[in-house]
């Protein structure tokens, strides 16, 4: 791929794999938290409209970073708005303008995934919800958040697979660049 | 039971059963929406502190009414605050004082059950959450809301069985009368 | 609502409920297959771009119709492309131009829900997938199609609840009118 | 947090993490069984009323200790009554006075979780039940105990997530300090 | 079968089926609650040892009766000990002698099925546990009681299918007649 | 326990734990396959009647050995009849006499657990079935065999938890010694 | 379809639908048990090789008949061998020649579905297993039999959806006519 | 086995086990990807007809290789057609002749398993579908692909257990050699 000069994204990349890539390709960028490696060979576009990535807690950051790196490599402007879970809803309200002005919103949340419904109730923009596997016990590896998001009482929410930051960003990018 | 002069509560009472009771006991009160029959033979107590019953949507009202009738028969003051689901979160904020001033709060919600987490984040009072079977498809007869409430990111939430308005009110009554 | 002069949409409307509405409001339109009633009081917009609703089989038509009525009432141009399930994939290819030229695509499919992945592999447009409860046995009331769509190997697919034609159309409308 | 002089609680803390904290903060207390680290900087309150933590078997002790440390740090008097599972019900009866005199009761049990129902039948106090993941096979990682507690035939039982000793203690503390 | 002169048992027999049988065979006995029809053509044996059928609540009586009719037709002495659920455990203790003196015990319980563990902890006799489908919501049609019984902390409990009073009695009869 | 001179059984004992026990107690016997340690201090009884342990395949042997050590320590005569799974049913028939002459039978089987039904159809003795976690994929950690055994078309089968060789032997011992 | 002169098969046909078809098309044949309607307009082929349909109990006959009608209409010779469930395994052995001489075998079984494994162990022919929804409780609407068949210890078994007699026959027909 | 001179197949063979076999039996062949060891002592047959193994992605190759080694050792000609998942459906069409000319087809796919339905719609040959555990989150260890294949809208598809390449090849071999 590198020889074609195109930009490259590797997701779900372990520390070990990343080191291997960096050795043969030192200009690659490794996002340890997001477990992504990106190689930018042709300058990235930056759209006028932007994607907002809204996330509940610090444990959700790996998925946020995967979505961020994907969305950036696909040429989008992105704003990350993190640590705005519903247990401290005032932080969400403090960031509402940045969320409302996005063209499309990615909501990343684990545990009960309530953030997707709350954002969906506040903002009339397309929302791609990503349940994460953050939690334990009756969380069932992210199934609780997944079911929660699928049953959202807010109408503008669609859902991708658990921890699928890539898929959410790919979707959001298509919408952002319409 | 009637002969002992004690107050009586029948829950999950069908239209037909209720009519049968009313025929032999005309002073009974039938709450059609809550599917309860109550017979008050000794005057009900009314506590100074009150229980708040907070509910998401109109489809959740049968469970609200079951909880209300139970809590009243057990001698509690009760405030009902309904139709404050997270899809229209401003209505919840408009009622926040009444919720915060309760001694204990019952939250009734179906679909994704996000209301429990949002109230739990806003109010530092014990919350008994009741998932309802309102919803369809991936709601799985209330399992989605149940899992959501068990995984609530807000710390003060405990949960009873799906549609168990009686159990929530019985719990809340014990706490309200401590 | 009628008195405000706004357009009205009722979903999941039984035959009996529909007759009741039609008696008091004869200008209402009842879509029996989609179980919707619509009342158009201010002329509907018709967007230049259109939403494509792509469906697998005749059993999926109730969800198609719910999505169609919703999308139309929200002012969108809509093309329905039905009976193009993967068991007869040539019919899908025969309609590929109409699908590719849409701004956003709703895919409705029950049983194994494979249609979402196939369309997602062929077309680079945002896809909202709606699993339906069509099937029996190991279909688990639509869970098989739901899981299938969430695990789609095609990247541009996001998913709404089982049989949620309304939600899919609401999402698609927001995207179509960006 | 330490600089604010407030008391600190870290839960689900691995051996390694605990050692790291103890090195920089030698006055911290590490509860190895409960996997908690606590730093007490302002003297702990001790309520007149107490919380009883009742547990079935020795495998449930990590959750007991997490609940204990949480309840203590929040300023509550606590009595631990352990190894009183229903397989040896006489031990439960021998401790009944201590359980009945508590203001609120936390019941911790794995396997089939029957202890919550038995205590609920014996004592008319609010009970917070914590299912644990103790068990194997059809225990499904604590789901068996969770379902058991949600379906308790005793009326005063509400439930938190599997292994959630922290949440149970947080709830119980709010009730104990009403 | 009738012509062979053997005794006959029909289980899961609807009202209508029962009436049909009674018309052609007036000496048949219809147990409406247990939904069984029995035809006794050769005198029933009555063992010296007896099977105890222990049940939690009145909703479990149909399964109790199915087990009773089966055990009797197979020639066993049977004692029924009902309404001794763990929510009122003193009633169980009041009947402990009758339970302990049985050769084998059938425990019938729905909801959380805790009765099997409690009896198993008190009595050192083989116990066949029958979960019933009594309950709602997170009971999952009896699955909660089934899992509870399979995970019993008492060692002498084995389990049959939900509502399978016949199978429990057939098992108990083989043991009782060893 | 050792000081009381009673016989001791440790189940689910790791290699490491076993070595620790053997060092302080050299007369202990470690069954590596069954993961049990036994210490025999008073001579074991040997009943005239025997328990048959019938098992499907070699992967089920750890559970067979756990059941065997338990039954022996409880003073029973035991016959092991292994590798008689239904895929080679002639081996089962070759051992039918030994199975039929037992007083009670333990059937140990993983994968689809069909052996319990086949033995139940051939032999009129009480059968305790133990599903094992042997298998992969749709086996779901032994749930497939568990459900299979609970739904057995043969009437004399009751079931214990997945891999619970101890519980099956404890049950069988009570029956064998009636 | 009728006008093209081809043979017609309608499956899952209710009594009412069947009567409607018979009125307009009196030469149609309605198989009430199998819920199929067939219209034979060009003479059916009859292969030299035959498909054996082997079934456990009388409750499985609707699926047997659906498979039979399908296989016949597709031009196959078919032998039905019913009521040979593993609870009475001698009846299966009495029919073994007819099973072994088939070119391909359909096994229809509900409850625990053990018949597929037993036949698979006895006969070296391709086996299409059809789980049926016959059963109750932990049968989960046929899921128990489905999992059992997917985990069969016999190697030659593949599986179709619950109650899918049509699919099994369609598969078997393709194999029988190779 | 080796002494009987027959051909030998070991599946699910770890690196370590394989090395052990190779040391004592150097003529053995270890397929690392497929985790199989084969020892060919009598020359393999090669049928005129062939089995096609069709697979979606590179992650499915271990199952492909297990199926391939099994089918070859059983004496079949085999064609492998890999990397033809539905996300790039043109590659599937490019290989359609090779698929259509096979006597029987094995389809190997993970994630949503849509490939089985697409091939089943295109080719009128018996198809054995193997779901793989490739995927994450709502894939549930291969259950999503399994359910998808069981609910295939294409009629000629039967299914084996998740990752069961051996079973699929054993089935296909029996059909290929009819």
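To keep things simple, chains are lettered A, B, C, D, E, F, G and H as they appear, and every chain counts its residues starting from 1.
In the analysis below, a residue touches a chain if its C-beta (ideal position, glycine included) is under 8 Å from a C-beta of that chain, and two chains touch if they have at least 3 such contacts.
Being a predicted model, the structure only gives us computed values, none of them experimental.
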Shared interface partners, meaning chains that touch chain F and chain G: E, H
Residue-number overlap at the chain A/chain D interface, same or different (half cut): different
Over-half contact-pair match to F-G, picked out of the listed pairs A-D, C-H or G-H: C-H
Furthest chain, CA centroid comparison against chain D: G
Between chain E and chain D, distance of the C-alpha-averaged centres to the nearest whole Å: 37
Mean-CA-position distance for chain D and chain C (Å): 49
Multi-chain contact residues (two or more partners), chain B: 137-139, 143, 146, 150-151, 155, 161
Interchain contacts (touch definition) - all pairs: A-B, A-C, A-D, A-H, B-C, B-D, B-E, C-G, C-H, D-E, D-F, E-F, E-G, F-G, F-H, G-H
Residues of chain D defined as touching chain B within the complex: 103, 124-126, 128, 146, 150-151, 155-161, 166-168, 170-171, 174-175, 178
Residues of chain B touching chain E in the complex: 131, 133, 141-143, 146, 161-164
Parts of chain B lying in touch with chain A, wherever the complex brings them together: 56-57, 85-89, 111-114, 117-118, 120-122, 135, 137-140, 143-145, 147-155
Complex contacts: residues of chain C adjacent to chain G: 136-139
